[in-house]
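Some notes on the structure that comes next.
Chain naming follows the written order as A, B and C, and within any one chain the residues start at number 1.
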C-alpha cells in the first residue's frame, strides 16, 4: 500500500514537530556540555564550543571503569530478567494449575512494594551474606521482575492455543515448546523487555550506591552524582557532559534495538 | 533467533571473564598495599565536585608523604545517604575506619555506640590541640570531650553586589548589618536597578538556625542540648518570629526574591544580576567571586536592630573514628587526622575549597596570603568566625532530629514567601518542631 | 444383579480412575508450574516479601538510628499518620500527580506510536528519538529539567521574557511546582510507553487492515475499530504499569524540589525516603510504606477487575 503524497507530508510534519519538542531538552544538554561556564551562567548563547567539560569529567572519576561496570551489571540483569520472566509468564499462560491466579496476583503485588521502603532490609540481607562490593549483590536481587512476567504474559496470551495443542499432538514437552516455539514467537516482546531491563539497570542509583563501598564495582550513575557539588556552585557544563556520556550508550542501544525489533517483525513468525 | 542467542551467550562469557579479571584486579591492588606492610585506612566521605578534587589531592599527598599508611578515600553519596549506610554497616567488617559526618549528625553518631571519641587519642599522647580554631572545636565538644575531628567547616555570610550598591547610592564598603538596614537597602536597590530584587533568603533550615543563634538565642532548651537532652525549642516567640516577619515585610515590599529551597538557582540569580544580596555558606565565597561579572562584597550575617550580634554556629562536617577496628588501623587513621590539620594541608584545603582552615596558623601560609591578596573578601568570612562570642547559643544545638527540624523551618519559610500568614506558619512550625523532639526522645526508649 | 447395576459399577470404577488420573495430572501440572516459577519465587521471597514483612513489623515500633526497634507502639504510627495534615496532603498530592501524569503520558505516547507506525522512509530515526527519553536516567533527566526550570538562566523563563510575560517560579510557586514535576515525569515516561505501544501496534495482524481497505474504510475508522481494540492488552499493560510507577516516583522529586514548596510535591515515596534516610524514623516510614502498598494494591485490583474484562485477547 502506498500513501498519497499529501498524507506523507502530514505525517512527516507531525513526526518532525514531535521529535523536535521531545528531543529539545536533550539537544540543550548536548549544547551545554560544550559551553563555558561563563556563557551558561550569564544565560547567553554559546560564544565558543569547548571540550574541557568532557576532559574534566574523565579526570574526575574512573569513568571507563564505571562504564564497564555498568555494562556488566546491566547485561547480567537483562539476561536474568528475560530468563526468569519468560519462564514465569509461560507458567501463567500455558500451564493450568491450582493457585495460578493467586500466584499471578502475588507477582503483580510485588510491583507495588515501594523500592525505597525495602532498600534498607535488602541492604541488610546483602550485608549478611557478604555480597557488598560484588556483582552478585548488584544484580541478583533484580532478576525476578513482576513487570517482565506481566509484559510477557500479555504477549504470550496472544499466541493461539491451537499452537500448543498441535505441539502436544506432536509430543512436544512444555520446556521444548517454551524454548522452540514461544520464545521465538515472542521475540519482539523479549527485545522490549531486554531494552527496558537494560536501561532501568543502567539508570539505577540508590542500590548501587548502598551496596558498594568503593570504586571497584561501582556504576556510572554514582559517578554522575559525584559531578554535582554540595555547598558549591554547580558546574553545569561538567554535569551535562557527564550526563551526555552516560546517555550515549543507551541511545545507541535504543537505535540498535529499534532495528532488531523492526527485523523481528518483518520476519513475521506468526501472521 | 539463534544468532541473537549465540550473541548473548558470547557476550555473557566475555562478561564473566571480565568480571573475574576485574574482580581479581581490585583484590590484587588491595592486597599489594598490605603486602608492602602498609596499613590500609578506609575513609568514607561525601565530598563531590570541587571539594572531592581537593580532598583526593590531599589524600594522595599523604599517601606519598610516608610509607606506613595507605588511606583510601571512598565517596558514599550525600551526607544523609552516607550516614544511613554507616548506621547499617556499623559494627561489621564493611564499616570504614574514618567517617565524615555532617555537623547535625553528631548526636546520632554518639548515640550509635560505634565510635571512639577523638579525645581518647588526644589524651593518650597528650596531643596539643590548643592551636585549633576554638569556635570550630566548640561545636564538636560534648561533655568536655572532643568527639570528632573538625574537617570541612563553614558559616553563613552575606554576599552582595557592590556595583548594584553603587548604582543605588549606597556605600559598597559598608554592607547593611541589621534586618532593618537590609530592608532599606533592598528598597533602594530595587528602585535603581531595573529587574533586580534586593534580597534573597534560601528556604534552608540551617540559615534559620544561624539567624536565631546570631540573636544569642538557643535553638533548643537544656543549653542547646549540651547539658541535657532537649525537650523543646529554646528560642522565644519574639526571636523566632523576627526572622519570619522580616522576610514577610520584604516580600510585601516586592524587594524579596524567592528561590525556594534551591541554593544553586539563587546563586545563579545573584550572578545574573537578578538579586543583589543573599545569605549563604562561606564555602561558596571563591566560587561566587570567581564567577561574578561584577564586584562581590561579603558581609556579616545580619541581626535584628534591637538585638546584639552574637555570631555564628559552625556548619559543615567532621571526621569520626570508628570503633571495632584493630588498634594499628585506628592509630594509622589518627595519624592521618593529625596530618590533615597541619597548617600546610589546611592552607591547601582552605584555598582549594573555601572551607575554613581549622588550624588558624594556615592563614599565615603563603598560598593563603596570595589568595587573600586576590580576594580580600575571603578574609571577612574568617573575621566573622573569629569575632563570634562563645556561648551555648553559638556552640550550636546537638540533637538527632535536627535534619527533620530543618525541613519544618523550610516549609514554614516557603509558606511565608508565597503569601501565607506569619503567625500561623510560625506557630505551626514550632508545634511540629516540638513534636519532632518528643518523637525523637520517645524513639530512644527513654 | 442386573446389567444396569453392573454398568453403573464399572462406571464408578472408571470415574474413580479418571479422578485419580486427573488428580495426578493436576499434581504434575502444579509441580511443573511451580518449577517454572521457582526461580522468581525464591528471589521475590528474599528481596520483596521478606522486606515487606519486615516493613509491616517495623511499622508497629519506634526505632533508633540503626533501625533497631526500641518501643512497641501498636497502631500509634498509623494513627499519627492519619492525624498529620502533612501526610494527608502527601496522599492528595500523590493522587493528583498520578492524575496529571498517567493519562497525559499514555495519550501522547499513543499519538506518537500511531504516527511512528507508518511505513515511511527514515521512520527508524523518529522511533529512536521518540523512545530516547527512556534511555535518559532519572538523574540526568532531572538535571536537564532543573536547568530548563531555572528561574534565571532557564530556557522556559527566557522564552517567557522574550514574549513579555512575567517569569514563573516553576519549582518554587506552589501553584506550579506539582505541574512542573509532572511535565518532567511525562517527558521521562514517554519513551518507554511509546516503545511498548509501538510494539503492540506492530503485532496487530496486517490482514485486518487489508480487509478493511478492501471495504474502503477510512483512516480514522480503522484507528477506532481495529487499532484501539486490538491494542487493548498492551494499553492495559501500559496504563497499569504507569499508574504503579507514578505512585512510586522518587528521583525527580529528590533532585528538583525535595518535596517543596510547602510540601506541595512531597509524594509518598519521597516522604518515606526522608522519614527513613534523613529522620531515621523507620517505624513511621514503614507505616507510610504499608499505607502506600495497600493503596496501590486496591487500585490495581479494581483495575484488573474492570480492565481485564474489556481487554481483547486474540
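For this structure, a couple of remarks:
Criterion: contacts are C-beta pairs under 8 Å (C-beta built on N, C-alpha and C of every residue); 3 or more make two chains touch, one makes a residue touch a chain.
Model, not experiment: these values are computed from the prediction.
Chain centre most remote from that of subunit A: B (centre = mean of CA atoms). Between the interfaces A-B and A-C, more contacting C-beta pairs are found at A-C.
Spacing of subunit A relative to subunit B, judged by their CA centroids, is 36 angstrom. Centres computed as Cα averages put subunit A at a distance of 15 Å from subunit C. Touching of two or more other chains is recorded for residues 67, 152-153, 276 of subunit C. In subunit A, the positions touching at least two other chains are 41-43, 120, 225, 228.
Looking at subunit B, residues 81, 84, 88, 268, 272 sit in touch with two or more other chains. Put simply, subunit A touches subunit B in their complex at residues 37-38, 41-43, 60, 65, 68-69, 71-72, 75-76, 79, 120, 123-124, 127, 132, 134-135, 183-184, 187, 206, 209-210, 213-217, 222, 225-235, 260. Within the complex, the subunit C residues that touch subunit A are 26, 29-30, 32-34, 36-37, 39-44, 46-52, 54-55, 67, 111-112, 115-116, 118, 120, 123-124, 126-141, 143-145, 147-148, 152-153, 155, 158, 187, 190, 192, 195-196, 199, 202-203, 205-207, 213, 233-234, 236-237, 240-241, 244, 247-248, 250-251, 268-269, 272-273, 276, 282, 285-286, 288-289, 292-293, 296-297, 300-301, 304, 313-314. Across the complex, subunit C is touched by residues 80-81, 84, 87-88, 90, 108, 111-112, 203, 258-262, 265, 268-269, 272, 274, 400-401, 403-404, 407, 410-411, 414-415, 417-418, 420, 436, 439, 442-445 of subunit B.
The touching residues of subunit A, when paired with subunit C in their complex, are 1, 3, 8, 11-12, 14-15, 18-19, 22-23, 25-26, 28-29, 32, 40-43, 83-85, 87-88, 90-91, 95-100, 103, 105, 107-118, 120-122, 125, 140-141, 143-144, 146-147, 149-151, 154-155, 157-158, 160, 174, 188-189, 192, 195-196, 199, 202-203, 205, 221, 224-225, 228, 236, 239-240, 243, 246-247, 250-251, 253-255, 258-259, 261-262, 265, 271. Touching subunit B in their complex are the following residues of subunit C: 62-67, 70-71, 150-153, 169, 171-174, 257-263, 274, 276-281, 283.
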